[in-house]
Amino acid sequence: MAEIVSLAEGVAELVNDGDTVALEGFTHLIPFAAGHEIVRQRRRDLELVRMTPDVIYDQLIGMGCARRLVFSWGGNPGVGSLHRFRDAVEHGWPAPLEIEEHSHAGMANRYVAGASGLPFAVLSGYTGTDLARHTATIKPVTCPFTGDVLTAVPALNPDVTIVHAQRADRAGNVQMWGITGVQKEAVLAARRSLVTVEEIVDSLAPVPTQVVLPTWAVNAVALAPGGSHPSYTQGYSVRDNTFYQSWDAISRDRDTFTGWMRQHVLGARRDT
Amino acid sequence: MAEIVSLAEGVAELVNDGDTVALEGFTHLIPFAAGHEIVRQRRRDLELVRMTPDVIYDQLIGMGCARRLVFSWGGNPGVGSLHRFRDAVEHGWPAPLEIEEHSHAGMANRYVAGASGLPFAVLSGYTGTDLARHTATIKPVTCPFTGDVLTAVPALNPDVTIVHAQRADRAGNVQMWGITGVQKEAVLAARRSLVTVEEIVDSLAPVPTQVVLPTWAVNAVALAPGGSHPSYTQGYSVRDNTFYQSWDAISRDRDTFTGWMRQHVLGARRDT
Amino acid sequence: MSNWTADEMMTIAAARQLRDGTSCFVGIGLPSTAANLARATHAPGLVLIYESGCLGAKPDRLPLSIGDGILADTADAVVSVPEVFNYWLQPGRIDIGFLGGAQLDRYGNINTTAIGGDYRDPKVRLPGAGGAPEIAASCREVVVIMRQSRRTFVERVDFVTSFGYGTGAGDRERLGLRGAGPQVVITDLGILQPDPSTRELVLTRLHPGATVEQARAATGWRLRVADDLRTTEQPGDSELSVLRALKAASADDGSASTA
Amino acid sequence: MSNWTADEMMTIAAARQLRDGTSCFVGIGLPSTAANLARATHAPGLVLIYESGCLGAKPDRLPLSIGDGILADTADAVVSVPEVFNYWLQPGRIDIGFLGGAQLDRYGNINTTAIGGDYRDPKVRLPGAGGAPEIAASCREVVVIMRQSRRTFVERVDFVTSFGYGTGAGDRERLGLRGAGPQVVITDLGILQPDPSTRELVLTRLHPGATVEQARAATGWRLRVADDLRTTEQPGDSELSVLRALKAASADDGSASTA
């Protein structure tokens, strides 16, 4: 059964230095508040996993929390580059960043295998690309019935997965809707899971396109209203496209970035 | 784009003698009306595919439409045996029935592979059972990363899949909800598809737990109110448990069965 | 209410095996009846999972099939059939797999496929596997409920539909099966449990009124009896009244079926 | 409205490639702009599929990301990300894959991963693959939209993120790729198409005002020109006004991005 905790407690209990951590949310429902709490608690040497690193991982990488990144698309959607991600890969600042790179189809299937308790997934993908030459976690597998050669990718089983959802009930059952991406798979694939929510309610009225995570499949639920900003939470907020565009200038320069993080993230709680 | 047709037209156009045919619906939404139309149009030598053959395939088998059955559970849920299925397997009446037998997990994954355009699916299943010894479509497959040995099953790609849904709009978009079983996978895995519906409406208001099949993923939609009886259609009818129980007596005896089918199915349309 | 049937005793004894707050993958028929009795008595927080994709179903009457509307209407979540097997059962998330069967052997292997003759030409053709093989393999533990007779409790099943302990200790481990296998078998006469060292099913409890002789006569192998053989606590009035109310409120005759 | 920018001409020429009633897997940025222009003009029945799981999205303004709320709100169906790739893209159900890119080569291979240096130590690190490799492999055909320059149109891409025709005719067939590959490349100067026999990209159309010399100067390989080189029809007033209205109604600057 999921425990209802504060965000600070949840991150302190579930995220350790050196962990493999997945913060998922496909453009929608990105758990920014949880990412900021990880920065405030100064976690280090994390292996960050995420299909679309987005601004949230640009911040974690720029603040030196990450040792390694497993991903499939590292950009600022509709804007351009993630400058902190680029600086880490191109110049090793603030620390060298090891990368393991896949396609979306491969990453999605790696989470599916993880959620299914299988060691690998099969897809028809990467064919002819240079990704297969540079990424060790892409291998051929042969169909035992037809002899066709397909692509295998290993399961992703994060130590902890963190996602943001619209709401939970007091028993810890979680409900999300709209674009729910790969969050169900990411939570079920993980050893531990934390879900931040906009609100905690008495009962969860069914909603079209909903995904429900039963309380017994989640470790902890934390109330974090607005916890997806500058991403959005359908029914609660809209995507702050202006912030995503302004991030380009904020993140381009190391000092500007560090100053912004100090003011808006580290300084956002008195205990830092 | 799906064509709106009559049930008779749909079956005549899409179901041919010798086809591999899947009528899916997991207890809920079983397309009985379509099965009866197949009987009336006297299709022969069908390879019938279905996780739970249920009364609908008991009727098709007893009427001599089937050459082969691919399945995972052939009973009358909560009641007991399917007597026509047993008579065909045990005594070859009205014709010998070749069987290919799987578990639910295996069948579900075979549809998933079919819907995914993959030649096979991987699961952890059948281990230690005698099914693996008797069913040729169960083989070992080795994980290229861990060396673990898992189970492979080949994709199911029926010539035609038929399902029943609550409703469609005039453009042929299909909407179903409640227990939707493996129907999406069965339709997407098939070369051709027919969906019978309770009603055709102007627009599909979203419903919790809904599965929507876009019109461009379906070949034909036919209006068939009550088309799932004695199964049920959530929001339109309830399961006729009394009929399922009475089927035990109707189907036990060959003549009683044949008489019942003549009266209630063959006689149910003047053109027979 | 001091009189009850052997079937009622069996169902109540089975319900008592289900701890509150655990998750249970429920086969139809006797398992569903017992699981719903447990929910209605000592285990209100028991999470019922049906292979139709209903997670956390809370039916107020016994479903006749694993896909009755009442299951979807009352579930915490309704998922696809591929998902219930791949995301929920296969990884070993579910505590208890609750199964019935037509034939059970000395080592807890279950047959729901065919009896007599050859597989291709059986004397009696049964419904088949359904979800049982993977339920038996993947749930943390398995509870079996079956009426006991020489015909159904045999030395070796004609067909292994669901793997128990195979030919004895070590087989599950050798095959790398996730779950612990059949930890308890509840019958209309008593309770059998695997010997910790050999995994052979041994009589550990007798229901009130039943005798060791009856149990041996209803078993197709030389049934061993535990040194500390005990007697099942008799059905409580509330257990009986709730069970009878459940059955009265349903169309289900509780007949064997593992859909 | 007889004056327009090269970007507008490019977007309009790309939109014209999309036939009504077909399905189109849409990358963000230029492809999304052109696809939505097509829907708003000659192809109201164009089915837009976004990798966020939105099938049949009908946005009335341009989304900045592939996961904007407007896409889910207006979609015929919203499915999970694993499903959109496995059930919808992978089997080859989708007619057109619409991609942008940072680097394109003579045989239509696309690079969105890294430019210069070594993969482990690149001069410029780009966002990466996203959905592009499987879109390029599985859609029945691929349409590419990219601004043309010697820096972006190169003899051989530094990194093959999305496979076009590899090293020429026969490579896709040898690899068993489902789709036909890049059938048309729309730039700010004109249109390139693969030579039927060699699969080398050849200039088949020039936009009004552009010259062969400009196109050659903006291409990193010896650009061949089709014998029947034609001129793109200039933007119609309605095309231009709808495009400008779309962009005005959106926060999107249309900058390159292939999320």
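Note that the chains take the letters A, B, C and D in the order they are written out, and that residue 1 is the start of every chain.
Throughout what follows, contacts are C-beta pairs under 8 Å (C-beta built on N, C-alpha and C of every residue); 3 or more make two chains touch, one makes a residue touch a chain.
What you see is a predicted model; the values in this text were computed from it and never measured.
The minimal number of chain-to-chain contact steps leading from chain A to chain B is 1. Chain pair with the larger contact count among B-D and A-D is A-D, by C-beta pairs in contact.
Averaged Cα coordinates give chain A a centre that lies 40 Å from the centre of chain C. The geometric centre of chain A is 28 Å away from that of chain D, both derived from CA atoms. Taking each chain's centre as the mean of its C-alpha atoms, chain C lies 57 Å from chain D. Annotation for chain C: residues 86, 90, 138, 178 touch two or more other chains.
In chain B, the residues touching two or more other chains are 112, 117-118, 123-124, 148, 184-185, 209. Chain-to-chain contact here is organised irregularly, matching neither a line nor a ring nor a star, and falling short of all pairs touching.
The chain pairs satisfying the stated touch condition come to A-B, A-C, A-D, B-C, B-D. Those residues of chain C whose C-beta lies close enough to touch chain A in the complex are 21, 23, 47, 55-56, 76-77, 86-87, 90-93, 138, 178. Residues of chain A that touch chain B in their complex: 116-124, 137, 139-141, 143-146, 148, 150, 152, 154, 206-210.
Across the interface of their complex, chain D is touched by residues 26-28, 51-52, 71-82, 85-86, 89-90, 101-105, 108-109, 111-112, 123-131, 134, 148, 178-182, 184-185, 209, 232, 234, 238-239, 241-242, 244-245 of chain A. Across the complex, chain D is touched by residues 1, 112, 115-118, 173, 184-185, 188, 212-214, 216-217 of chain B. Against chain B, in their complex, chain C makes its touches with residues 28-29, 51-54, 63-69, 71-72, 78, 80-82, 85-86, 89-90, 113, 119-134, 137-138, 159-163, 166, 171-172, 175-178, 251-253, 255-259.
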